[in-house]
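Look for chain A in each of the two complexes below; its partner is chain B in the first and chain C in the second.
Right, the complex of A and B next:
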């Protein structure tokens, strides 16, 4: 453990820590461009200069590439170091375009920050600037090569971290170029991280191009809704529209990155056809009126048909809180069918995966990155959970042996994986006994849990689930003895359904006498529903989801629901003109157009109050009490054993 | 003695008063009548155009970020040729305190304080100025500046054709 002194502060750090990281650990930020905690050291930008006053090395040194050693005395504020940094910035700015006002990085740009911090304000160099031609890199990323400062973060991420092969660095001298050989979409499903990782505006999010600035975004810690990996991200909204989604650091889960589906797929949230109007028998009404109608009709239905012909249906994308309250609502009607799954097979599988993995034996993405033996059971990881594949790649580059158990797999699946695998026909052929930190990875579709029994003890598991909260739904289903909807319907009694944020297959709505729905997604439930209530989407409300490893993670409300200001229909302008003016309406409103929605949990709570006259109970009570205080910005919370056990 | 000096004082005062009665008044009956303002007067806010007649504002949000009373709002958009511009731009003059920070922040010299006096309206909604109301036909105080002739993104000139730029380099050459 080397001990050194940085700016008069004594620091002790593990061997191998760089001086820059040692300084960070005591809260001193040394300006840097090329250094990134997740990437290998390049020492390319020369900005992190410090002065070594005493110790094994002396003089100006690059702190990111200098391992901390005993006896070092470091000054980050020495005039020589300051001058060096100032000059480096000035050199980097010599060719930098005059783009900030039209650069989407502006306001969140490391180059801006350190140019200001470094004290370079006036351009002394009067020569001309070098320019580059940009490339078309697909619909996700906009390329603006003039802004590059040659920090090599992008290549280090794309090639080393993500295993991409179609992007790299070319050119020599002052013409170093970061791009593809030819124009074309970037192939890596992690390419979007270039937006986050480039310290300048070379790569910006094309899906949010020229829309907003960092300081105007409404954002909050949130969780990816696309798969069960539970990667942390942050939706950034402006004028009620999600403009960008960026990765959020969680060292236990996704690290620093997210996949492109998480980043670029905002279509559900921003869908102009999203249901935002409460409907009773197809006619628009106030939210409150629709809720009253729902309560009345539910009561009437239960009176005339009996509680056991009613099914209350949640889903694997519903927040845990709403799921708990739904069970409370169900408890008020003896015999009512409570469902969190539609398909019996899926319900069974989700629960058996929850129960099959002994406590503590589910592997997080962080553990995957550190594994030495990994066996992947047949699944298309790149389709299902790309970030799991990215985690496996990190283990692979550190020397882990990766096996793909595949009796028959197409070559394509292998090609897309960002690591090399040894294909074996059966799990038994993987020498897991040799593993120190072995992990078995299986996709959501994997059902042969019996086949895992032969896995030696000590080996951990990644058993993926189909939805962001499948794990939570399985726990709820077990706790409240829910039945899968198909099974309930097969009993022949179910005549009415209340579907809460559930994508119901159309055939299940056939032959019902009562169907009500609440959702934020445009999934066709609004038209057939006799009462429809719009809810707030995941980014517009808070909640908890439990990922495949049993990690409960809280997400927060990023912005308030409503129709995006851009493209607001003419009726909100109070005019009959078909083409509304370009500017927002000149009308005062208490609620934004289309903003009269509630979170699903709030809806259920209000419904309970309407039906029973008593306020709904606190969801984090009893068994769920440990989940009350989860820090949305923390690592999440691995469920305690008593919650996992039945 | 004191009586005499008192009378003198009163008469002096009255003499000044009477002399002012016959002077030309300095008051103008604003707003019907307006005084010409000095060129650098910091009055009502306008959006100017560049020397080529295009809107200068690139909707960079710096003025709205700088405004201490948050009275500027806008939405950025892109034209088919890649020009960033304000799809709409609104200033709530009922809130503006004429501090001039917006004009100071503007990197394209688009938003400027004109020498016009500030308008006052009875209905607060009429104090809400949209882009159409703010945009003037001239360049305002800086007749020559065109931001896009200095930026690197190549909107009004081909890439690398601005006066302070070299043409794009050939990255495939191995010559030094």
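Right, the complex of A and C next:
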């Protein structure tokens, strides 16, 4: 453990830590552009210059490329170091446009920050600026090459980290160009990370350009809803609309990056047809009135048909909190059918995958990145969970052997995988016995769990699930003896359904005498429901999801629900019944249009209160109590054994 | 004067394989393979005091000794023939006249280092030299002097000729290795040095053409003989000097190392052109500092030239007379460097562009007093670039400011180039 002194502060760091990282560990930020913790050291920008006052090396050194050693005395504020850094900024600003106010990166730009911090203000270079032609890189990313400061982060991420081949660097000297051979959409499903990784505005998110500034955003730590990997991200919202989604670091899970689906697919959240109005028999009512109607009708239904004719249905995207409260509601009506899954096969599969997780058999993405033998069972990883493939690539780059078990190879698109695989017909053909850190990866559709029993002990598993909280739903189903909805309906008794954030197939609504729904997604449930209650979407509320490995992760509310300003219907500017409003219109409201929603868990809690007159119990009590305190900005919580035990 | 590298030269053509052999060629290889261990070959080169002729002057034998012993896997030898330093054309003359000394030298070095496969990385434009080398390699192979079990011994070695795609930075050894691997010729971070981790991750030695071409004579005649060739006591061997500029007879000539600069210009090159007066010279290629008349008696060897504030470099002497504007000359060199930067690090990519702009302005008559400080900042802070390219590029500017500041200042005060009407 080398000990060194940085700016009069004594620092002790693990061997191999760079001076830059050592300084960072005591809160000293040494300016840098090309350095990125997830990428190999480039030492290209030369901004992280420090002065070595004493020790094995002397003089000006680049702190990113200098391993900390015993006896080093480092100054980050020495006049020579400051002058070097100031010159580097001046050199970079020779060609960088001076138009931050019209750049989408303005306000969250590393170059802007360090230019101001470094004190460069007056231009001494009197020549012309170099200019480049931009490329069309698809609908996700806007390319503005004139802003480039040649830190090589993009190409190092795209080629080295993500294994992409259609984007790279061409030219030399002042004509170095980062782009594709020809205009065209970037092929890598991780291309969106260029937005995050570029220290300035060369790559910006085309889906949200010029909509808001960094300081306008409401955003919070959140979790990706698109698969069971549980990647960490932050939705950035402005005026009730998610403008951008950015990756959020979690070293145990996704590291620094997210896939393009996580970043660019905001269509559900921003869908202009999202149900935002509480409805009773198809007519708009206040939220409270709809909740009263729901309580009344539920009570009447149970009285006339019996509790066992009612199904309370949650889903694999419902938060764990709402799921627990739904079970509490079910407990008030003896015989009521509680469902967290629709399909019995899916429920069975999720449950049996949960059984594999205890005893540390599940591998995180971090463990996957460090594996030495990986066997992938038939699945299209790049479609199902691209970040798992990216994690496997990191292991591959470090020398891991990757096998693809593919009895029918034609079904799989090998070319898209960002690593090389050896194709074998059977899992038994993978020499997992040689593995020190072996991992078997299976997609959500993989059902032959019996076949995994032959895998040698010590090998871990990545058993993907279909939904962001399939794992949680399976735990709930086991704990509260829930039944899959189809199974309940098959009994012939079910006559009424309350669907909570559940995508119900249309045929399951046939023949019901009572159907009520609560959702935020535009999935066709609002119209047929006799009572419909709009809920807040995942980014608009807090909650907990449990990913495939049994890691509970909390997400926070990023912004308040409401209709985005863009496309606000005219009726929100006046009353439909009253006289045409005077100008300017005066419509008094305390809640933003379309903002009269509740979180699903709150809805259930209020419903419990309405029906029983008693407040709902704290969801994180009893068995669930350990989950009460999860830091949304921490690594999440691997479920304790008592929770996993059946 | 004793010729080592040019010993076999014919005035109008390249020496043939038969002629080279008849004049004692490949005797050194035979001697080494039959009577010397690889370590003895290496020790002889260490003892000879041979220093790298590419420009840096690092002791060759010492460089070889950095290759770790008993490391599994292949090790590599690369001959750096990417001669692109402005003013330098010694390797071209050498290879166009005689490819065999190099081939023999590469084979000897491979023997000393335990290399099975060596590469000659040659500048793209050297088509005659390339054809000559390839023919030489083929002839040597046919004669059993290359390939499997050379001369019936256990030693096998092959040489591959690789033509560069053509950029100055490929002469930087780690950039050269990247280029040879098929990557962009960006230099690599050191350490690890190529001797430990180079081509395809294996231990690699990179030596200049002239350096390796010296090895056969050293092995044939011994270290003491080689040392004795020099004019100065600390020197060793001969050196190819290629002179250009304002001299009567610009030549590439082999002279004992340590020959005074004045002697090379006045005797070998016939002095300055008629009516011209010496003003300055670059002693060792574009990335060395200008020397003025006061330095003309310097012995042309590595250490003495450093003592007077420049470097021997590649031994390419460019002579300027009183009619030459040194601001313009420096600008011309900087333009070359600014264009040839690989674009990896900021100081080199942008700093050289900045220097170019300032010098252009000064030459145009738009210079300001503060530009001198700005130029000095660049000579100082460009030394913190990623590789030796930018510091090398600053050498002529450094020499300009050290020895000819008055001329630069005159441009600024008179608001025009004083040498142009």
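Just so we're on the same page, the second predicted complex is superposed on the first by the 628 of 646 C-alpha atoms of A that agree within 3 Å, B and C clash if a C-alpha of one lies under 4 Å from a C-alpha of the other, contacts with A are read in each partner's own complex, and residues count from 1 in each chain.
To be clear about the criterion, a contact is a pair of C-beta atoms (placed from the backbone, for glycine too) under 8 Å apart; a residue touches a chain by one contact, two chains touch by 3 or more.
Because the structure is a prediction, the values reported are computed rather than measured.
Of the two partner chains placed by superposition, A:512 touches none, neither chain B nor chain C. Once the two complexes are laid over each other on the shared chain, residue contacts for A:124 go to chain C alone; chain B is not touched.
In the superposed model, A:65 lies in contact with chain C only, and not with chain B.
With both structures placed on the common chain, the touch criterion links A:611 to neither chain B nor chain C. Once the two complexes are overlaid on the shared chain, A:175 sits against chain B and chain C alike. Once the two complexes are overlaid on the shared chain, A:366 sits clear of chain B and of chain C alike.
When the shared chain is aligned, chain C comes close enough to touch A:87, but chain B does not.
Contacts of A:209 after superposition on the shared chain: chain B is touched, whereas chain C is not.
Touched by chain B in one complex and by chain C in the other are residues 171-176 of chain A. Chain A contributes residues 41-47, 49, 60, 62, 65, 83-84, 87-88, 90-92, 94-95, 124-127, 149-150, 152, 169, 171-176 to its touches with chain C in the complex.
The residues of chain B lying in touch with chain A in their complex are 58-62, 64-65, 73, 75-78, 84, 87-90, 107-108, 125, 128, 130-131, 147, 150-153, 159-160, 164-174, 176.
Those residues of chain C that touch chain A in the complex are listed here as 167, 169, 184, 189, 338-347, 349-351, 353-354, 357, 360-361, 366, 374, 377, 381, 384-386.
Chain contact summary for the complex, chain A toward chain B: residues 97-102, 106-107, 128-134, 144, 146-147, 170-177, 209-213, 215-216, 239, 565-566, 581-584, 586.
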